[in-house]
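For reference, chains read A, B, C and D in written order, and residue numbers begin at 1 within each chain.
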Amino acid sequence: MHGYFGAYGLIALLLVVGAVFVTVALTANRLLRPARPTPQKLLTYECGVDPVGGGWAQSYVRYYVFTFLYVVFAVDAVFLFPWATVFAAPGFGAATLIEMFVFLGFLAVGILYAWRKGVLSWA
Amino acid sequence: MTAAEIVFVLLGVVALASGVLVVTTRQIVRAALYLVVSFGAIAACFLVLTAELVAWVQVLIYVGAVVVLLLFGIMLTRAPIGPSSDLDSRNKPAAVTVAVAAAGVLVTVVVSGFGDAYFEVGESRAGSASVIGSGIFRYWVLPFEVLSVLLLAALVGAIVLSRTDIGPPKDGDG
Amino acid sequence: MHVVYPAVLAALLFAIGVYGVLARRNAILVLMSVELMLNAVNLNLVAFDVWLADRLGSGQILGLFVIVIAAAEVGLGLAIVLQVFRNRATIAVDSLDELAEDKQ
Amino acid sequence: MTFLEILLRLALVVAAFLLLPLLVGQLEHKAMAHMQARLGPMHAGGFHGWAQLIADGVKFVQKEHVVPAQADRTVFSLAPAIALLPYLVILVVIPVGPGLVALDLDIGLFFVLAVMSVSVLGSVMAGWSSGNKYALLGGLRSAAQLMAYELPLVLAASSVAMAAGTLSLSGIVEAWSPWWLAWQAPALLIFFVAGLAELHRPPFDMPVADSEIVLGPYTEYTGLRFALFLLAEYAGIVVLCALTTVLFLGGWRGPFGDEALGPIWFLIKLFVLAFVVIWLRVSNPRLRADQLQKLAWQVLVPLSLGQLALTGVVKVAMV
């Protein structure tokens, strides 16, 4: 077990070990714990009073905008990593640096736009 | 069958099964979670094909971001716990026909076209970060820069869509 | 590895996506099915890249580009869906047919 | 790698995964108590309550598992595992000494970031499946916070990758030299702060704010599954401190005797950082949601873009 497939084999094995750990722990829990459900116990917790309405809560679209901002920047950050491994190698250097800065520049304009439109601050 | 092929087929079965669940389940949040399983299995398929970087990008972007975005969308449009009856439209039989036909044609074409094509998946580093990096910055610079413009446009679009107070100026508030 | 394994897997996955796009009513589920189709395409790109041992790495790099564009697409799509939900309180694609020609 | 060696590696990783979070937890109990002028646990195990967390564990295993009637049972039960397992997997690539690493992955740093981003699903799943408004709100807050702080985290990490020219964590430690402490200082700060926010540690504990939304996504959890979420938090602290050490503080490199004392240096740095994490919890009030997003987008992200520019220019100038 070595090399590329060995490495990912080990990771897969570790995942299996982790899953086994969780399963064993939960099985031990199942054997040791009491189980006496009562209707009161199974009620949704709402600070000690009876729950009002369903489980759905009104939430901000704003959260969605933040998440989308992240997605746009994350797909850009993805390219930073392969770039990081090559940009200082012979044959790349300054030109590659500038190319990346152009790329980042466009995204910086994006964040500036978001900032100016007040998306980033919680009015 | 080689070991890599066996692993690949098993992962493929997982990807397909969870894919089928995505398009048939009647619980919308479950659909997003099955999508995670499907994406994860496809990422593992990439790993088997030695496309290391693409595999982890798949995990970071799809599992870590796109699915969360989808879950946000689902929760902001009220996701009930338990099955809902209005997720499928009336043209289900037509959809089945089209999908089966598409699958039949594609599989036939692919099998007859590439039936005997074979390659070794081995220790070649064709998918490592540095190989992809030099590929992008040697041969794919222009598409890469165009991509940044596209992302900028998407960002502006999403902001404009999500904020009702941006738009034609109302009573002098700009 | 035989090329047919990834290629057939991609074809089937694509067909599942096609079914989802046609059969689903909820706009977000339609978007998910589109993602499945894009993933099928990616699988093909990567598999053929590895098979052909492409010197430019076209398949894998295009795969990366597809992932990026898919992320932007789903983000915008959802922004539109949320906006529709806010105005109509529904995101069923077959009831949003006001621009259809034969609607009386 | 022989079979025995594989087994040994797995055993070591699992041991670290189970032991280090307990040590950090105990450190938190005692350090926090003394900062607040009290003693903390003194009873369990005799000497200064050293066995408190073990006793807690025994207690948790025997607790009833209550699933609310409104909840989605399967998702509710799976969520703690999804939140916990990424941290176990990350530990496998962290180098603790020269050549002492369970698995030296070429793409290590990117692997770590990708796997870490999966754990966000855990809290979203927990929040939604509980069928509880507070849990749902907490889950959404948690996801928004994780998304906002993931970006500076990734950017700061890529700054180090640029400086080292490699993504392998061992390679980064090899390439590290003391003057990076100054050169990469902003990235260090950004990474650590963003990491804290990723873990919902105070002062970034908006998603689990107990005074307003009970315990956020974890409101409905009881017994062992709640304990698994707790374990995930402490394992997260270990992973964050270990990564900060490896990326910014030179990992196993110390003033002398790297070869022999490597793991000791590594552990010292790790626990000093863990202490800082606890210290910040005790000494800072909680940030509001708007302040959180503001800090991420208006301070950390621009700062990390600046750091990237600095790293790139210095690196190209040096070659």
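What we mean here is this: a residue touches a chain if its C-beta (ideal position, glycine included) is under 8 Å from a C-beta of that chain, and two chains touch if they have at least 3 such contacts.
Fair warning: this is a prediction, and the values are worked out from it, not measured in the lab.
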In the contact graph of chains, the distance from chain C to chain D in steps is 2
Comparing centres built from CA atoms, which chain ends up most distant from chain D?
C
Averaging the CA atoms per chain, pick out the one whose centre lands closest to the mean of every protein CA shown.
A
Provide the C-alpha centroid distance between chain A and chain D, rounded to the nearest whole angstrom.
13
Per the centroid of Cα atoms for each chain, what is the distance between chain B and chain C, given in Å?
7
From the C-alpha centre of chain A to that of chain B, how far is it in Å?
16
Whole-Å distance, C-alpha centre of chain B to that of chain D, is 28
Shared-interface residues of chain D (touching two or more other chains) are 70, 110, 131, 136, 140, 143, 147, 150, 167
Residue numbers in chain B touching two or more further chains are 4, 50, 52-53, 57, 60-61, 64-66, 68-69, 72-73, 75-76, 79, 81, 125, 129, 132, 136, 147, 151, 154, 158, 162
Quick one: which residues in chain C touch 2 or more of the other chains?
64, 67-68, 71-72, 75, 78-79, 82
Going by the touch definition at the top, which pairs of chains touch each other?
A-B, A-C, A-D, B-C, B-D
Along chain D, where are the residues that touch chain B in the complex?
70-72, 75, 106-107, 110-111, 113-115, 117-118, 120-121, 124-125, 128-129, 131, 136, 140, 143, 147, 150, 167
Contacting residues of chain C [partner chain A, same complex]
64, 67-68, 71-72, 75, 78-79, 82, 86
Across the complex, what residues on chain D touch chain A?
1, 6, 9-10, 13-14, 60-70, 80-81, 84-85, 88-89, 92, 102-103, 105, 109-110, 130-134, 136-137, 140-141, 143-144, 147-148, 150-151, 154-155, 158, 161-162, 165-167, 214, 219-220, 223-225, 228, 289-290, 293-294, 297-298, 301-302, 305, 308-309, 312-313, 315-316, 319
Across the complex, what residues on chain A touch chain C?
61, 64, 68, 71-72, 74-75, 78-79
List the residues on chain A that touch chain B in their complex, please.
3-5, 8, 54-56, 59, 61-65, 67-72, 74-76, 78-79, 81-87, 89, 92, 96, 99, 102-103, 106-107, 109-110, 113-114, 117, 119
